[in-house]
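Heads up, the next two complexes both have chain A, just with different partners, chain B and then chain C.
Here is the complex of A and B:
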């Protein structure tokens, strides 16, 4: 299958693939932004238990988490123009990239809202009560007290979501978007050096996700700098459960006991 | 092209025939992935020399690259490797005799293995160290203690993550269409393009996936209730 393996092609393909890195990052960036906005809008009714909206956002989350992103891509690409045709909106000239970003945005939004919900609920209720006691309004308490704390708790999950999103963008080629995977397939069939292209492709993805992980780890350290670092103390006094308790709630490894087995 | 609600049902019935393929891919990759995951997790926890950096590299590479690239690398790389070895050693086996779905099985198992290893590892670390020490103190060997004491508890602790991984693999199996395996997604494409009704077909496929995911979640919550019986707390 294809031409014989030649490692030097990996290096010639790297710069060619990097040329389309912009498109991939554009998709990631835009859908991340859309996802955060959607995530907040969807999480709020669930956090404040707004009757009808709560059910709507639950159905939304269930759908986007319950179906594969690939199916969602096709569904939006083919379905949205037909639905919008009913209300006299013509979408035939809309670029594919818009559909892709929209789908990824909504998909990430569902996961973001779960993340936001878990992080906000992980903030001690006493914090909000204390904020109210000092005379803050609901909005003030949320933006000044809850949000900064929730942000630090949410970062590890956020980091996973961003990396998952980056990897999911490799599916955009199915709709004909020329991002990295699409480019790799063209390069592969052009030169018949499939293995080398995909190795180069994998390397680029690996480096980017590694960088994202490290960057967000730094952000986490910065945001949680007011928390205690030492875990020894927490283990001996069960009342100081802040740190480990929050981690469990935010669906992270609690890292309790067992280390070293 | 107008929306045709009745076709959703037609497509639904036609796509149903592809469910077994999707489930086969999911189940096989989850099972093999679980075995790989346990092995990798143990290597990482016990820091076995030589194997440890390999295991870390494997998990980092797989988790840092999209599932699609694994599939494509296996699909294009494995035949070259096998044919090369076969020519070298004079085997009669040729890569042509690997069925298409075999590539999906192999690649998805490798993918699942890396994710599973993280799930298993966090589960094992969630079991209190005292449990292992207590098992040692009543005279169990380490394999005994792992099998009888630690693994059951770790399984209970990692069940939610496990179910997420299964759902992830179920959704990931849609990629199998790139190696021309007819799973739910590929079947939806076929139904869509033969009838020129894309929206309806994909809607039916989405509904099927939604249903399957829902079933997995239900099943997990039932198992979770059963498996955590010992952990109720309180008296009696």
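Here is the complex of A and C:
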């Protein structure tokens, strides 16, 4: 099956795939934005225990967390126009990308709301009490005291969600969207060099994921600059009598762990 | 003048406070003593509505709140007239010492930034932390954090400062520095209600000692009255347990 393996194809495919990177990032960016907004709206009733809305939020979250994203894509792409037809809305001319972003946005929103809820609840209750005792209103206490601290707590989870979303967008090709994976499919069929296209594709996803991870780690460090470093900081130490450099977690410097005995 | 009238509070069926009446005159230092579970912290937290009293009335100066039907705005106003120093310090963790003190001035009192900064620096110097303005709470010792907490409360220029066991979470060697600061501001005539287990401090600084047990005020009076000539049997028992004679034979 396919043409014999030829590594040079990986390099010719890279720029071609990168040409569609924009579409992938567009889906990621828009869905993320939608996800954050929806996430907030869904998390608030659960945080403030608003009777009916809280149940709605819970149902929404269990649907999007409990069904595969591929099924959600199909349901929205094929199902939504049918439903909207009943109320005389024609969606036949709506671009596929809209359905894709809608689905990914709602999907991410469910996870975001859980992230927000967990982060807000992780902020010490004493912080809110101190804010109230200082004379702040509920809104002031939330925006000035709770939210900035919750953001720092949420970033590791947020980082995971963004990377998961990036990789999930590879499923959008099933609806015929020409993002990176879709492009890789066509390139593969055209040249019969499937393995090479997938290697190139994997490389691109890997590099972007890595970049996102590092970028958000920086953001986390900045947002949590008030805490003693909790994210293990990797530093290089020179070990005596041995010219090699070892990488050691900062809290376990060479002076600790019995090295001085 | 601050007065609490018929304050009651229950958690479910458990009655924590039972018709408490307490009057605090301006400039007075009131120390509340009592065994744990006696409701003293709850009473203190009722004064600024961190705990919602089930019944009663709180008045500070001319301002009155009826606890049965207090409105949000009234609670907010009540809190602006009080300040609190917490057992666990509760400094805003993401803000420096200076920002912690400035926060209330900027957000609640709406002072211009320069003015707030100047006042906050002066207050931090007063509590002996002029060199730690830009330190985050995680970089300060417990005693230093609590002193920032006191500066934060002072900045608001409240009618009364509520101290909720301000030295209970501190290492023994750090208690002194915090008590010294509280002593200093007590001399300046700031009205304070202090819940504490520091008997020596209570005896020295208080003008008015209140002994609580089982959700009621058992006895109150001047430090001399309560410490040296307690009238009630329960007070005597408590004082005996908490200030044992220090003549151990080894």
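The rule is simple: the second predicted complex is superposed on the first by the 229 of 261 C-alpha atoms of A that agree within 3 Å, B and C clash if a C-alpha of one lies under 4 Å from a C-alpha of the other, contacts with A are read in each partner's own complex, and residues count from 1 in each chain.
Simple rule for what comes next: contacts are C-beta pairs under 8 Å (C-beta built on N, C-alpha and C of every residue); 3 or more make two chains touch, one makes a residue touch a chain.
This is a predicted model, so every value here is computed, not measured.
Undergrad: Which of the two partners, first being chain B and second being chain C, lies in contact with A:129: first, second, both, or neither?
TA: Only chain C is touched by A:129; chain B is not.
Undergrad: A:149 contacts which: chain B (first), chain C (second), both, neither?
TA: In the superposition, A:149 contacts chain C only.
Undergrad: Just to be sure I read the superposition right, which of the two partners does A:40 touch: chain B = first, chain C = second, or both, or neither?
TA: A:40: touches no partner chain.
Undergrad: In the overlaid three-chain picture, which partner chain does A:60 touch, first (chain B) or second (chain C), both, or neither?
TA: Neither partner.
Undergrad: Is A:226 touching anything from chain B or chain C once the two structures are fitted on A? First, second, both or neither.
TA: Once the two structures are laid over each other on A, A:226 reaches chain C alone.
Undergrad: Please tell me which partner, chain B or chain C, touches more residues of chain A.
TA: Touched residues of chain A are more numerous for B.
Undergrad: Can you list the chain B residues touching chain A in their complex?
TA: 1-3, 45-46, 60-61, 63-69, 72-73, 76-77, 79-80, 122, 124-130, 132, 150, 167, 170-172, 174-175, 185, 188-189, 192, 198-199, 202-203, 205-206, 209-210, 213-214
Undergrad: Mind listing the chain C positions that touch chain A in their complex?
TA: Answer in residue numbers: 48, 50, 76, 79-80, 82-84, 86, 88, 90-96, 103-104, 107-108, 136-139, 152, 156, 162.
Undergrad: Quick one: in the complex, what on chain A touches chain C?
TA: The contact residues of chain A facing chain C are 124, 126-127, 129-137, 140, 144-145, 148-149, 152, 225-228.
Undergrad: Can you name the residues of chain A that touch chain B in the complex?
TA: Interface residues on the chain A side: 1-2, 5, 62-63, 65-72, 74-75, 78-79, 82-83, 86, 163, 166-168, 170-171, 181, 188, 194-195, 198-199, 201-202, 205-206, 209-210, 253-261.
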